[in-house]
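Look for subunit A in each of the two complexes below; its partner is subunit B in the first and subunit C in the second.
And then the complex of A and B:
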C-alpha cells in the first residue's frame, strides 16, 4: 500500500518569539506566555488516492499539521513524510507534487486579472505557459468563473476569489492537495461547486490524494473516505465516517430544545450521560442540547432536571448519530 | 505515488523569474498614475539641488562647464536614487509585504529556487524603476540642459549594469532579513535611506566628504561597500571626464568596476546563503506563515 502522507509521533511546540527591538511581552496577568503544543505525538497514515479529512475545532492543530506537510513549518520532533519524502530533509521532491489552498486566503495581486494571477503561480511550478493557459481556461469553466477571467482580482467577491484559489491549487496538477477549510465563509452554491469538483477529481483521476481540514461536519461526511478527529493536537480517532458513527450505535443521541437554563453542570453527573453539548444562538430564546447517552433511561432524569430549573421543553427527539455526535462523544463539546 | 515528477530546474526557475517579474511589469501599465508620483514628483527634489548649483555658478567669473558637471552629478545621483529607493522599499521589504498579503507561504511551498523568486522581484523592480531613471535623465537633458559626454558607451553600460546587479544583490540579501524579522526590519530600511543619500554622494562629488576631517576617510571607506557609491563615481568619471582635474574622484574607473563585479558575486552569494539559513530559522519559528508579528 502506497502512502501519500505518513507521520510518526509528530509533535510541534510553539515557543514565544524573540523580539529584537521590543521588550518581551507578558500575558494579561503579567505572566510570561509559555510554549503551546499544537501537535502532540501524531501518528497518521493517508493512503494514495484517498480523500482524507481532519475534523477538529479551531486551535485543534489541523492547520499546523498541513503547514508541516506542505514544508512550511518544521516539526519539533517526530517524522512527517509526504509522497515518501521526509519534510525536513528532502522538501524539494515534495514541493513538486503538492499544492495547498486555504479558506479565506488572499493570494496574488489585485492588479492582475484572474487568469494572469493563476498563470503566475503556475510558473513557480515550471508548468509551461501553453499547458497552464489550457488548464486555467478549463478550470475557469468548471468553477463557473469564465466570465470573470479578465476581471482584476481586487474586484472579485470573496466567493469568486476562493474559486480562483481553488483553480490555483489544481492548475499545477498536484498529486497531493492540501485543502485547509476550503469552503470557509462561502455561500451554499460556491461550496457545492468546490465540493463536487474535489470529489470527482479524486475519484476520477488515478493517484490523486486530498487532505481536507474542515469543521463542517456535513462536508466531512459527504466527501471523506476516512476521517481523523483531532483536538488539542491529539488524534482521537481515525476511521471511515460510517464506522465512526457506528461506534455510537450502542449509545443513544437525544436532542432537546429548551428555554434558557440556569445551570447545565448537573447534566454531566446524571448516571448514563456520556457527554452533552449546549448550543445557544446568543440572544435567541431557545437553547439546543445534544446528549450522548450510554443508558437511554437517563433521559427521564434529564427531563426532570430541565423542569426543575423552571425551563420548558419545546422539542425532544431521539436521532441517528451524526459525525457531530461522534465529535461530542469524544471531545465533550460541540465543534461550533 | 503513481506519478513521478521531473522538471528541468533551469526551465522551472526561469519561468519563476518571469512569473514573479510579471506583476511588477504589468502593474506599471495598469496604473499609469504611478509615473506621476514615482517619476515626475521626485524631479522636484532634484530641481532644488540643480538650482543651488545653477545659482552658484552664475556668479561673475564662474566656469559654466563646472555648472554643467555639477548639475549632471545631481541628475545622475537622482537616477541612482530611484534604484536605491526601489532596492530598500520594494526589494528588501518585499518578503514582509508578501507575508502580509498571504503570498509568502505559497511562494515558499513552490519548488522554485528562492533566488528565482528574488530574481523575479529584482527584474520587475529594475524595469519599473528604469522608467523613473529615464524620466530623470531626459529631464536632465531637456529641462536642465545637461550635456552628457558618452565617449565610452560600452564601459558606461558595463558599470551601470554591474552597479544594478550589485545593488539588487544587496537588496536580495536584505530581503532575507525581513523574512526573519518582519516588520522589525523596517527600522533597518529607514536607517539606511537618508544616510546613504549622504555617504554615497548622490547629489555631490563623493570625495568632498574628505573635507570633514579624519572621519571623512572612514565614511568614504564604509560607503564603498554600497554599490551605488562606486557606481555613481565611476559613471561620473566616464560621463564628465576631467572634472576639477580628477581631484574629486574616489578610485580609478577600472578599480571601481572590478570592485563592483566582486560586490555582485559577494552579495548574490550572501543572499543565497542568508536566505537559505533564515528560511530554515523562519520555518523552525513558524514565521513563514503567521502574519502581523
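And then the complex of A and C:
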C-alpha cells in the first residue's frame, strides 16, 4: 500500500510571546499565555488515490496539519512524510508533487488578470505552455470564470477569487492536493461546483490524493472516502463516514426544539444520556437540542426535565445518526 | 545540475515578469512611459532648487561641485530603488497580495524569486538614472565624459554595485520574514544611512572623523566614487577631493570582494530567517493591525 501522507506522533506547539507591556501595566509577573498544542501526537495514514477528510471545529488543528504537510510550517516533534519524503528534511521533492488551496481568503495579484495569475503559478511548476493553456481554459469553463478570464483580479468578487485559487490549485495537476476549507464563504452553487469537481478529479484521474479539511458535515459525508475527526489537536477517530455513523447505531439520536431553557447542565446527569449539544440561534425563540442516548428510555426523563423548567417542546424526533451526531458523541458539543 | 539551473532560471524569469507587471501594469502603457520620464526629471528639479539655494546663499557658482551632487543623486536612485525593490517582496507578497504561502510551496527557489522581483526595480531604476543624467546634460550643464573604452568599466561597476545592493537587499528582506509590516521603515532607513555616509550629496571629507570612518566601511561609498571617476570629466572629478583612493582597479577589487561578501551573507541570512520563520509559523502571517 503506497501512502500519500504519513504522520507519526506529529506534534506542533505554538509558544506565545511574553507580554512585557501588560506586566508593566497590570503588575503581573510577565507570564506568557502559555504554549498552545495545536497538534498532539497525531498518527495518520492517507493512501494514494484517497479523498481524505479532516473534520473538526475551528481551532482543532486542521490548518496546522495542512501547513506542516505543505512544507509551510515545521513540526515541533514527530515525523510527517508526504509522497515518501520528510517535510522537515526534504521539502523540494514534496513541492513538486503538491499544491494547496485555502478557502475564505482573497489572495492574488490585483494588477494581473485571472488568466495571468493562474498562468504564472503554472510556470512556477514548469508546466509547458501548451498544457497550461489547455488546462486553464478547461478549468475557467468548469469553475464558471471564463467570462472573467481577462478581468483584473482586483475587480473580482471574493467568491470569484476563491474560484480562481481553486483553478490555481488544479492547474499544476498535483499528485497530492491540500484543500483547507475550500468552500468557506461560497454560495451554494459555487460550493456544489467545487465539490463535484474535486470528487470527479480524484475518481477519474489515477493516483490523485486530496486531503480536505472542513467543518461542514455534509461536505465531509458527501466527498470523503475516509475521514478523521480531530479536536484539540488529537485525532479521535479515523474511518469511512459509513463506519463512523454505524458506531452510533447502537445508540439513539433524538432532536428536540424547545423554548429557551434555564439550565441545561442537568441533562448530563440523566442516566442513559451519553452526550448532548445545544444550538441556540442567538435571540431566536427556539433552542435545538441533540441527544445521544445509550438507553432510549432516558427520553422520558429528558422530556420531564424540559417540562419541569417550564419550557415547551415544539418538536421531538428520533433520527438516523449523522456525522454531526458522531462528533457530538465523541466531543460532547456541536461542530458549528 | 540541469534541473537545478532550470529551477533557478524559472524562478528568476517568472518573478521578473511578475515584477514588471506590478511595476508597469497599473495604467495605460503611454501613461506609464510619460511617468517613467517625468518622475526622475521631477527629482532633478529638486536638485536644481538645492543648487540655486546653494549658489544664492554661498554666492558661488561651482559647476564641478554641482556635477558631483547631481551625479551622486542620479545614481542614488539606483541604490534606493534596488534596496527597496528587494526588501519589499516578502512583505508585499505576504501581507498585501497574500500569495507568499503559494509561491513558497511551489518548486521554485524563493531566494532567486526575490532577486527576480528586484531585477525589474533595478531595470526601472537604471532607466531613471539614464533619464536624470540625460536631462542634466541637456538642460542643466552637467558634464559627462564617458568614452567608448570606458564603457566596459562603467558596466562592470554598475554590475558590481547591483550585486552588492541586491545582496544587502536580500539580507534585509530575509529579516522581514520575521517582522511585521510596519518594519518596512527599515527599507527607507538603510538607504538614508547610505545617503548620509556614502558621499552622495557631499564629499566624505565634510563629515567628522567618526562619520568618515563609517563611510569608508560601506562599500557603496567606493561605488559612488568609482562611478563619478568613470563618468565625470577628470578636472571636475579632481576639483572635489573625497579622501578616497583613485585607483579604479583597487576599487573594482574592493567592490568584487564586498559583492561576494554580501551575496554570501544574504544566502546565510536568508536560510536562517526562512528556517526560523518556518519554525515559528510566520511564513504566511498577516500583521495588518
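Quick notes
The definition used in the following text is that the second predicted complex is superposed on the first by the 321 of 336 C-alpha atoms of A that agree within 3 Å, B and C clash if a C-alpha of one lies under 4 Å from a C-alpha of the other, contacts with A are read in each partner's own complex, and residues count from 1 in each chain.
In this section, contacts are C-beta pairs under 8 Å (C-beta built on N, C-alpha and C of every residue); 3 or more make two chains touch, one makes a residue touch a chain.
Computed from a prediction, not measured in an experiment: that's the story for all the values here.
After superposition on subunit A, the partners subunit B and subunit C are seen to clash.
Ranking subunit B and subunit C by residues of subunit A touched puts B first. Contact with neither subunit B nor subunit C is seen for A:279 once the two complexes are overlaid on the shared chain. Of the two partner chains, neither subunit B nor subunit C is touched by A:288.
Of the two partner chains, subunit B and subunit C are each touched by A:111.
In the superposition on chain A, contact of A:149 is made with neither subunit B nor subunit C. Of the two partner chains, neither subunit B nor subunit C is touched by A:133. Judged by the touch definition given at the top, the superposed model places A:124 against both subunit B and subunit C. Comparing the two interfaces of subunit A, the one with subunit B and the one with subunit C have residues 14, 67, 70-74, 92, 95-96, 98-100, 105-109, 111-112, 116, 120-121, 123-126, 168 in common.
Listing the residues of subunit C that touch subunit A in their complex gives 6, 10-11, 13-14, 17-18, 21-22, 25-26, 97-99, 101-108, 275, 278-279, 281, 283-284.
Listed in rising order, the residues of subunit A touching subunit C in the complex are 14, 67, 70-74, 92, 95-96, 98-100, 102, 105-112, 116, 120-121, 123-126, 168, 172.
Remark: subunit A residues 2, 4, 14, 17, 19-22, 48-49, 67, 70-74, 83-84, 92-93, 95-100, 105-109, 111-112, 116, 119-129, 152, 168, 175, 206-207 touch subunit B in the complex. Every residue of subunit B that touches subunit A in the complex is listed here, in rising order: 1-3, 5, 7-8, 11-12, 15-16, 18-20, 22-23, 26-27, 30-31, 101-103, 105-112, 117, 181, 184, 187, 280, 283-289, 293.
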